[in-house]
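Chain IDs A, B, C, D, E and F follow the sequence of writing; residue 1 opens each chain.
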Amino acid sequence: MTDTTRYQRGMDKLREIDGHAGEQVVASLANIAPDFADYLIEFPFGDIYSRPGLDLKSREIATVAALTALGHAAPQLKVHIQAALNVGCSQEEVVETIMQMAVYAGFPAALNGLFVAKEVFAQAAAPR
Amino acid sequence: MTDTTRYQRGMDKLREIDGHAGEQVVASLANIAPDFADYLIEFPFGDIYSRPGLDLKSREIATVAALTALGHAAPQLKVHIQAALNVGCSQEEVVETIMQMAVYAGFPAALNGLFVAKEVFAQAAAPR
Amino acid sequence: MTDTTRYQRGMDKLREIDGHAGEQVVASLANIAPDFADYLIEFPFGDIYSRPGLDLKSREIATVAALTALGHAAPQLKVHIQAALNVGCSQEEVVETIMQMAVYAGFPAALNGLFVAKEVFAQAAAPR
Amino acid sequence: MTDTTRYQRGMDKLREIDGHAGEQVVASLANIAPDFADYLIEFPFGDIYSRPGLDLKSREIATVAALTALGHAAPQLKVHIQAALNVGCSQEEVVETIMQMAVYAGFPAALNGLFVAKEVFAQAAAPR
Amino acid sequence: MTDTTRYQRGMDKLREIDGHAGEQVVASLANIAPDFADYLIEFPFGDIYSRPGLDLKSREIATVAALTALGHAAPQLKVHIQAALNVGCSQEEVVETIMQMAVYAGFPAALNGLFVAKEVFAQAAAPR
Amino acid sequence: MTDTTRYQRGMDKLREIDGHAGEQVVASLANIAPDFADYLIEFPFGDIYSRPGLDLKSREIATVAALTALGHAAPQLKVHIQAALNVGCSQEEVVETIMQMAVYAGFPAALNGLFVAKEVFAQAAAPR
C-alpha cells in the first residue's frame, strides 16, 4: 500500500529535518502499527513539509507554536524543537516562539513548552 | 493602572501589524472590560510582539498556526491572517501554515482555518 | 430509568440557579435525546450542584472559568454567566473571572468569553 | 503531485460514505487550497477509511465520538453524523455515541453534539 | 446519597467491562473523594454504558477514539484499551481506531495513543 | 524592560498566594527564558491577581477549575491547589471544585485533577 516516491521523499525530508528521527519512529511503531510509520513519513513529510510554498524554518516555527499551544504533545514538541534548531532557527527564536504562546494558549502551556526547550538545549550542549 | 510606555509601544506595534485593529478592540471592550483592552495592548503587543528576537513575519506564522490548531478562536484567526499579510507573508505562506496544521491538530481544524483564510482573502480582494 | 429524588432535587436546584433553564433544556432535547435531559438534571444539578461543600457563588465562578477556558461552549457559558448573576455574583466578579482566563487559556478565550458576557449583560439591562 | 490510485480509492470511499461530499469539499477548496482537497481525499479516505481492519460503521462511530469530544468541529460533525447514517448506524446509535461523550468531554460538548444531530436528522426527514 | 440500583448496575457493568477496575477506582479515591467513586460508577457505568441502544464494543471504540483525540487522558485511555479488548475488540480494531484519530486530532495524539496501546498489549502478553 | 511597580506588586502577590513559588519560578526559568519569569510575575500576579474586583479565594477556585478542565497543566494545577489552601479554601472546597469539572470537561479530567489534589494534600500532611 506504500507509495515509493512519497515515502522516499518523506524519509529524505525527515532526515534533512531531524537526522535519525525517521529511523526511530519506524522502529518505535514496528510492532504496534508499522503502517502508521509509513503514513507519518508520507503525509506530513512526503506531502506537507516537501511543499515549496513555505521555508523549513517557518514550518518548524509553526509546528513548535502549535505543539506548545495544544499542550498534550511534549514528546513531539521535543523532536520539533531539535528540528527547528537543525533547519536554522536559533535557540532565541525557539524561545520567542514558545513564549508568544502565553498570549494564545495561556502561561501554563508556554511554561511547559519552555521546560521542554530547556531539556532539548541541555542535551544539545552536553558532551557526547 | 496603565503603563504609558508599554501601552504606547503596544499600540504602535498593533498599528504596524494591523492598522485599525487596536482602535477596534478598545472600542469593543469599552463597556464591558476596558482594562482588558489595556492588558491586550500592553502584554501581547507592548511586551511580546515588540521583542527583538523573532521577526514579525515569523511571529504571525506562529500565531496563525496556534489559532488554527486551537480551533476555538476564529475571530482572532481572522485578525491574524490579515496581520500576517500586512507584515509581509504571502497568501501562499498563510495557506501553507494552515494546511500544515492538519498534521498536528487534524483535518477539521485545518479546514476551518482555510475557510477563515478564504474569507479574509476575499475581503482583501473586494473593491472598496 | 429516572430517579425521582435526584431528578426533583436537580430540577429544584436548576430552578434556583437559572429560573426557566430547566424547562428549556428539557424542551430542546425532547425530540432528540429526552433521557439526556434527565441525566443533565440529575447528575450536574441533582448530584453535584446540590452538594453542601461549596457555595453556589463559588460553583458558578468555577463553571464560568472552565467554560471560558475550554472555549467551545459559548451557549453554556451564556447560561452560566446569567446563573452566576442569579446566585449573587456581581457583573464585576463575572468579568474578573473571565479576564483571569487570559492567564490560563490565552487572550482569545478570554476575549470571546467577555463578548458573551457583554451579550448577557445587555439582555439583562434591556427593558422587557 | 496527486497519486491517482489513492485519490481514486479515496474518492470512491468518500462517495460510498457520503454521496456528494467529495465533490463539495473539492469545490469549497478550489480557490483557496486545491491541493488540500487532494490530501483530504487521499489520506483520510484513500488511506485510512479504506483499510480493512475496522468496519465503516465502527469508523464513523469513532469519528462522531472524536468530533463531539473535540468540540470545535461542528461542520465536520454534521458531515459524519450523516455519514454514520449512510453506512448503517441507526439514529439511536448516533445519539448514544454523542451522549456517551458527556462522560469523557463534559455535558456541553455532548449537548452541542446532540443539537448538531437534531439538525441532521431534521434535514433527513424533510421532504425534498 | 448513593442510589443502590444505579450503583449496583454500574458496578456490574464495570466488572463486565474491566474486571477489577471498579474496585481499583474506589480504592484510589477512598481518601480524597469517595463520593466521586460513586458518581463514576453510577453515571458513566450505571446510566450510560448500561443503555441498550449501542453495543459495548461500539461504546469502547467511541471511548478509545475520544480519549485518544482529547490527548490529556492517558491513564483512562489505558483502562479503555484493555476494556475494548475485554468486550470483544481485536487488537487490530483498537489500533485502527487510534490511527484514525490522526485525521481528526493530529498525528501526535494518534502516536501517543498508539504507544499507550503498545504498553497495554505488552502487559496482556506478559506471563503472569 | 521590567516595570518595577508591577513586578514588585506581582512578587508580593505571588508571595501572599504561594510562599516561595515566585523565587522557584524565577530560578527555573533563569537559564532558558528569564524575561518570561518577569512577565509571569507582572501580568498574572502584578496585573490580574492584584485587581480588587474578585477576592483571592474566588480567583484560586477559578484557576483550579480552569486548570483541571484544560487537562494539560498538572504542574500548574499542583501549585494552585496549594495556593487555594493558602488563601483560605478548605480541602473540601478544592475537592468540590475539581469534582464539578466532571460536568464540564469530563470524568478523566476531574479524576486526574483529584489525583493531583491527593498528592498536594499528602505533602501538606507529611511531617517535615
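Simple rule for what comes next: contacts are C-beta pairs under 8 Å (C-beta built on N, C-alpha and C of every residue); 3 or more make two chains touch, one makes a residue touch a chain.
All values derive from a computational prediction rather than experimental measurement.
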In contact with subunit D as well as subunit F, sorted by label, we have A, B, C, E
Expressed as a multiple of 5 degrees between 0 and 180, the CA superposition of subunit A onto subunit C rotates by 180
Between B-C and D-E, more C-beta pairs in contact link D-E
Across the interface between the identical copies subunit C and subunit F, with over half of residue numbers shared counting as same and under half as different, the residues used are same
Here the gap between subunit A and subunit D, centre to centre from mean Cα coordinates and rounded to Å, is 28
Per the C-alpha means, the centres of subunit A and subunit B lie apart by a whole-Å value of 24
Listed in rising order, subunit B residues that touch 2 or more other chains are 35, 39, 43-44, 48, 51, 67, 69-73, 76, 95, 99, 101-109
Among line, ring, star, complete and other, the chain touch graph is complete
Note: in the complex, subunit A contacts subunit F through residues 70-72, 95, 98-99, 102, 106-112, 114-115, 117-118, 121
Subunit D partner, complex, touching residues on subunit A are 1, 3, 6, 35, 39, 43, 47-48, 51
Subunit A partner, complex, touching residues on subunit F are 28-29, 31-33, 35-36, 39-40, 44, 67, 70-73, 75-76
Residue positions on subunit B within touch of subunit A in the complex are 43-44, 48-49, 51, 53-54, 57-59, 61-70, 73, 76, 90, 92-93, 95-97, 99-105
Note: in the complex, subunit E contacts subunit B through residues 69, 101-109
